[in-house]
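Below you will find the structure I want to go over with you.
A, B, C and D label the chains in the order they appear, each numbered from 1.
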Amino acid sequence: MDGAALARVCAEAIWADDSASKQFGIQLISIEPGHAVLAMTVDERMVNGHNICHGGFIFLLADSAFAYASNTYNRRTVAQHCGITYLNPARIGDRLTARAVERQWVGRTGLFDITVNRADGLPVAEFRGHSRTIKGELIPGLKAD
Amino acid sequence: MDGAALARVCAEAIWADDSASKQFGIQLISIEPGHAVLAMTVDERMVNGHNICHGGFIFLLADSAFAYASNTYNRRTVAQHCGITYLNPARIGDRLTARAVERQWVGRTGLFDITVNRADGLPVAEFRGHSRTIKGELIPGLKAD
Amino acid sequence: MDGAALARVCAEAIWADDSASKQFGIQLISIEPGHAVLAMTVDERMVNGHNICHGGFIFLLADSAFAYASNTYNRRTVAQHCGITYLNPARIGDRLTARAVERQWVGRTGLFDITVNRADGLPVAEFRGHSRTIKGELIPGLKAD
Amino acid sequence: MDGAALARVCAEAIWADDSASKQFGIQLISIEPGHAVLAMTVDERMVNGHNICHGGFIFLLADSAFAYASNTYNRRTVAQHCGITYLNPARIGDRLTARAVERQWVGRTGLFDITVNRADGLPVAEFRGHSRTIKGELIPGLKAD
């Protein structure tokens, strides 16, 4: 199995278990080794009375993209530290896309950057996540060639 | 109106508008100037197949505590940058308490620390939030004595 | 040896090796388990043409306090991730005090908060450091009772 | 004056005033709008008894790259919040290069990523800096076309 196929199999294994992302309509747009793109449309559950999306849901989308991207090698990873900077508001109906990119992977520590954009291209948030590899595999025994 | 009363009135104004916190059963335990305590019980919507709470919901609870604590002076504030460190897992049924403390307030920048604990006292996460004061008041014209 | 004595012995071992802190006149004010207070006076090497202290030297002071506080148990630790927020400027001649407090220690991860103040009490910076315990001891075989 | 020329003029204005960078032998390698590359060789002032570079000097290099990159538009900016993650050690004699890239600029808030590498290509640290535009220009009246 090549790395790209392994990444997709890992994403499917996480997705099967990921009711949190599903309940908010999060979609997996693309998965590659160390990369993930997810999308979510802001709905009435995520906004306050002024129709502005709560930061917690923007975090949730970015955090999901981080989790998918950091688990593309069939090595289990967990989040250790995440930082998010809010740049522009998102409103009800906005389609948000989170692009996760692997920036560094040294030993058991991974560092991923996730950018959340609106459909009009404006950045909503920048997120930086630190992952740590723990014991275990998502699909026991499966390896890239 | 004294500062403690103003803090409670501000919290009521935010709460009226806060469907995000309500939908996850978040409760306001206490509000004081610069301080807030909120609680949430981890339920099946927040966990993966291993009954471990997703980090996004721990963030959401801490972020809500941050928002309530930073809006106790009837000056509107928004979150700019938040960081979260995960320390111990939370599981389905765990009652989580988030305690927000104002650490610094200089000019328009506030810095708040939020600790999330399980009922058994174990720390689940440390969160540090940076807020910025924007124009406007939560309740126009209301001031502490 | 009690914990307080062990903390002091550890600090002496680091200090003997710490030419970086010494060259900037950093002083150890107090050491206790998980805590350290260090001080430094801003001099002409640390300022720009407007006599404002460069952020790098404020970081250096806070980072040293973090290192001393996180190495008080005779377990070697290293810094993993540090964040600093600048709150007020420091100027030439300002005496800065950095107080490091252990906030959490879970497994091999420590989380320390360091506040840097001027002599007039104004906060200059808040620093949060994440440490990780590695193999080895500062003084082989030495333990608290 | 085009943007590239303005960026260089801004860097020269900061450099004239930057004794902190000069005393550690920091060199300006390149400057473009929103970008800066700086280099520094680790010497005996920056290391402990094991010849490992103190994190504070890696921060100082990255922070300088951040300052140069965020001041390329002749709008004065100051650092608000910086985070650094240490990835690999640097040793005495290592030539370190810090590459600063503008990630976002929204209103008065800038977000810059700085990667510090050794000459052998290994990453030493990832740094993320948040800047804020304040009043004033580096060179009064100068503008890009």
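Here, a residue touches a chain if its C-beta (ideal position, glycine included) is under 8 Å from a C-beta of that chain, and two chains touch if they have at least 3 such contacts.
Because the structure is predicted, anything quoted here is derived from the model rather than measured.
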- Note on the structure: Looking at Cα centroids only, farthest away from chain C lies chain A
- Item | Pair joined by the larger number of C-beta contacts - C-D, A-D | C-D
- Averaging only over C-alpha atoms, locate the centres of chain B and chain D and give their separation in whole Å. 35
- chain A and chain D: spacing of chain centres that average the CA atoms, whole Å: 29
- Note on the structure: chain C and chain D have mean C-alpha positions lying a whole-number Å distance apart equal to 23
- Among the residues of chain D, which are close enough to touch at least two other chains? 80-81, 83, 85, 109, 130
- Task: Would you mind writing out the residues of chain A in touch with chain C in their complex?
- Result: 80-81, 83, 109, 130
- Residue ranges of chain B touching chain C (in the complex, touch as defined): 83, 85, 87-88, 103-104, 106, 109, 111, 113, 115, 123, 126, 128, 130
- Message: List the residues on chain D that touch chain C in their complex, please.
- Response: 16-20, 23, 44-50, 54-57, 59-60, 63-64, 78-86
